[in-house]
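Encoded as structure tokens, the structure appears first; notes follow it.
Per-chain residue numbering starts at 1, and chain names A, B, C, D and E are given in the order in which the chains are listed.
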């Protein structure tokens, strides 16, 4: 048990966090670029932003002298992500009202 | 007191493990209750039972269609104030150390949000029609 | 020193967790009876009095009945969402207990962000309601669920804002610290400087747990049960249980944050390890107030409900936030 | 960390803008439904006051850094604040009547001020997270501006495309910033510079590339340009005009500060990157612009091309040319602001199809002359404003002493020629074609737009008179 | 100050004619009045400062972009003065000759005056950036003049003209800026004195600069834009287009490329001479094949421009003087020929050589002057062109014998096609009965062409009138590049 606790409290190496975050980011980016449903794209973007937040918090925890700066920035980033999604959903709603679809490929009156 | 001290000693990594474990425990428990009920309870399905209940009338519309937009407005407002809280709580915790500067800063911050609320109010976004 | 206890730690956790779940279920069960009894006394009736002495075994009978009842689900429902909804609703009612200190040192997990944990877990409830309404694929369900979601997220805002004062005064988000802060007698309880906040919290809490006069998602007389219309048998039982349990949670949190938690009202009433009794008493009182309100007030209209939340509670909490901040600066 | 009085003084333009933002929003809503004139007046006053504050600080030679070195108010920043507030002011004038017709004038004006505010903060940021915040403050309202016109369905569509690409780009930018933060241990540019001085780790390079990609997205540099035409075509004209000018200038300024203050040691890496991006961007913008018959799209691709020209100046930020490269970006931003604002707004008075410009000289000679001035300026004919921008880029490139930059400069020359057909297509339509009989260019514009167009035409044409002082200002900008 | 006034008076004129609404006659008179002012001022300068163009009264310097040492610096010298005067004169003549312009007359004159600002400015500027700015100012007015008032082919012609010359000038600008950044100044006199650039740098700069200037001339492989524009333009535009615009290029070579980049241009000089010869011979051959009278004149013009290149490449006093002189001579005769072609075409309704014939009988004056122009073009002694072509060939022969001989051969070729043209158009029987009715050139037309013819004769007999002015400047250049 003591061992378990020690393991749990022993720091997961920074690389661990970074790798997980990078994978999350990649999945999010991949999804955001290939998915056609606007709402799903937003979800993917959220995934990307949260991957970044994870990276940030990990850095903040590991960097000597970073203090609470990293965590503080995370809160700001969350707020910004919320704002992005709020505006995004409003626009998607406007699109849906006129076209009854949120599929990006079907929204194509602008071309050239 | 001993247990509290203990938790400080063992650190937060374990505490969050507890949270996760507890949530799993609850979910597992509830799920097993459902399974148990399924095993015990009788099951005699019929077409009528499978219909949707709508005060003695057959349902004519499918509820899976777009929601009225007003829900969305409230969701947005909630989002704004919820995120605001994320800023206010850290501020609140260390408020004693901040002094006048912290007070003024918070007043400005909250007033700007208040302006948002006033705007929404005046625009009728808070009216449930 | 502490490391000696480490060997016991998993057992402590398992036992305390099981206790909490047991507690939650029992509270829910007891409250079903209490609800009916209170309502009966308010309405000058007897209430359940057949099963066991004074009807005390009624909850057990109910459980048995519900266990053997058929579980009917609508044919076109989204099965998994439908089944997951009760879990999602039960979870917050149970998980908040994790951070509530029952007595000195008696807490399952003393998170340093207990308050934030409380909000986070509570807001899962709204998700459960939406899942129930959406998963049922019934008009009434969805109507109720949407109302519920609108109501719960709207009242989440004053709920969160109303606890800011607590955080400011105590300088901590840990429930344990907050209770410690209120030691020394009832005049030290946070309710006194934070009375408007407490009222806001209490009203929002009522709305959060969808109790009358805020039971629009359920709205028996108009949408005949709302989001839980399609549930029956054990799934219905779970929803009911979680409703009662969340009422208890809300009361317990209110007691902890505003009424001193396990702290005795007067210093000489310190019961030592049995201080959890004080928490129990306070919580019970608050639950009684919940029930009292339920059987006294009529249901609000949706627009009244929203107005109350956004146009009264939110401004009031913001105002009192300024007052608190200013007062702390001056004093 | 109390804020000193000096910081309040330095933040005056931003504070004024913030105050007016709230006043415009609430004033517009609370003053009742028929208060559009008041709203426009307030918004105009706000941007003007902000401009005056920035100008005052600049005149007083104000300079200082605040918030732990994270926010710099120096002539460089103030110069860009002047550009931003001035374009915001003219946009407000041009948009006043239009916004009135939509019925949501307070919101539109608020968005304009918000974008301007974001831009103003951005040009002063010396902290990478601050940069991100300011970029978002400038772009999130701009999504709403693009999607603002509810009467045209293209508007929401353009807004959605802009938004989706924009938020993805923001994520890239943010990831890059976080990685750089992780490598440096701080997001403050001074600390970043110290950390980068000790050598570039792979993580730092990844961060740098991600960050530059994110910012390149926002200035519609290729290969991240594809949102530009859709967004500008869908957007209300005033929004397209403003967004193609002010936020872009701000992002270029921020990029300059980040690269020069934050990672001078990595210059070989990013100048090479910039050179490649610049060359590709120019060609993509011009080649695609050649195919457009819609003037909005044409101008959108033209703005892509101009981003390429400006990025060429970034490539030149090496050797002896650093100072002249900075000047090139500064001069180009101002030059581009006046000419592009005018060119876009002319669409409001004429029409968005190239054909609607036919015979404009016969029907409205003054307007045709103004548009000809804009087109010629965009090509880079002296002594109009665009010429000085391009000349400065070439000047900087010539002094850089790098072969890759010479290639970029050569590409700039070739692209300037490549752009002649589409800009002069408009001139040809105006002067050489017969007016279209049906409907024709008789679209009734309003006074505010016309005023702005003529003002911009005048500024574009007389830019050469002011270029001397501007250059002096740029040379003493304080950056480096 | 007086130079600045001369340059910018046409700008005021442009505004004036735009503001004048209504009577076409009034506009014409106003335009003539405005256009006459620079001519008079130039004449005043000639007589007052003819032997001392460096006089402080003529030059002016204002700071413009201090940080890069770019300034508004103007002043005259011998190399530019001839063209300075000619630009003013040809603009006046173009105004007089604008009889075929009916629509939007005021706007046409405004553009013409704007172009005049640019032309005068180029020949007077003493700053590289200013030079470039003036160089480009001519572009848009010329584009619009061709594009609006030209014939059916005007759209393509105008844009082609623009793209070609813009490509050239932008490349030239890059060269100028590189020169400025390396030298630290853009002042032409200072650059002439400083000179310290390495040979490699000079070559690197000379390439784009020469490229740009040669397109403007145009030297033969780069002349693709010329024919369409010349043929499509209205007559009065032709006067300026052929009389002045090519000289912007040659002047750039004579005044900037060779003196400021001596080492950079030096390796290219033989090729420049070759290009000149190619121009001469190619122009002559192709002119031979043209069925269109205007096209024939256009190619003849290309041919004679070759002598300027040859003379410039010679890098000796005779050749260089010839080149400078040839700029003016070419301007005079080509403007004359284009005007006469216009007059003839207006009367006969055609420009096809095969459809013309025997015009001398009905139009003795116009026909005679056409003959005079053609004789000037083939370098008949006694006319201005002879002087300069002879000097260019002599100078060229000294340095590059082969090219010199070939150039002389070119004169013979040009004589052949010009005489052939004259024989077909002026002499012989009257080809169409309709031609019996046509009359000779009217007084306005005569007013436009006679001064040119007169100047051709005057300069032919008294070349010293101009050479004395240009000689000091040429000698200064040659001293600077070490030729002699």
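Just so we're on the same page, a contact is a pair of C-beta atoms (placed from the backbone, for glycine too) under 8 Å apart; a residue touches a chain by one contact, two chains touch by 3 or more.
In UniProt terms the chains read A = NADH-quinone oxidoreductase subunit K; B = NADH-quinone oxidoreductase subunit A; C = NADH-quinone oxidoreductase subunit H; D = NADH-quinone oxidoreductase subunit N; E = Proton-translocating NADH-quinone oxidoreductase, chain M.
Remember, predicted model here, so these are calculated numbers, not experimental data.
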### Query
What is the set of chains touching both chain B and chain D?
A
### Touching both chain B and chain E (chains)
D
### Query
Measuring between mean CA coordinates, which chain is farthest from chain C?
E
### Query
In terms of CA centres, which chain lies closest to the overall middle?
D
## Note on the structure
If you tally C-beta contacts across A-D and across A-B, the winner is A-D
### Query
What whole-Å value do you get for the distance between chain A and chain D if each is reduced to the mean of its CA atoms?
28
### Averaged-CA centre spacing for the pair chain C and chain A, given as whole angstrom
32
### Query
What whole-number Å value describes the gap between the mean CA coordinates of chain A and chain B?
20
### Summary
Between chain D and chain E, the Cα-mean centres are separated in Å by 42
### Message
If a residue has to touch 2 or more other chains to count, which residues of chain A qualify?
### Response
5, 90
### Task
Any chance you could list the residues of chain C touching two or more other chains?
3, 6, 9
### Query
Considering chain B alone, which of its residues make contact with at least two other chains?
10, 14, 82
## Note on the structure
chain C partner, complex, touching residues on chain B are 1-10, 12, 14-16, 18-19, 21-23, 25-27, 29-31, 33-34, 36-38, 40-45, 47, 49-55, 59, 61-64, 67-68, 70-71, 74-75, 77-78, 81-82, 85, 88-89, 92-96, 99-100, 103, 106-107, 110, 114, 117, 121, 126-129
### Message
Using the touch definition from the top, list the residues of chain C that touch chain B in their complex.
### Response
2-3, 5-6, 9, 12-13, 17, 20-21, 66-76, 83, 86-87, 90-91, 94-95, 98, 104-112, 115-117, 119, 134, 136-143, 146, 149-150, 153-154, 156-157, 160-161, 164-165, 167-168, 171-173, 176, 224, 229-230, 233-235, 238, 302-303, 305-307, 310-311, 314-315, 318, 321-322, 325-326, 328-329
### Task
Flag every residue of chain D that touches chain B in the complex, lowest number first.
1-3, 22, 25-26, 29-30
### Message
With touch defined as at the start, can you tell me which chain B residues reach chain D in the complex?
### Response
101, 112, 115, 118-119, 122-123
### Query
Residues of chain A touching chain B in their complex?
5, 8-9, 72, 75, 78-79, 82, 85-86, 89-90, 93, 96
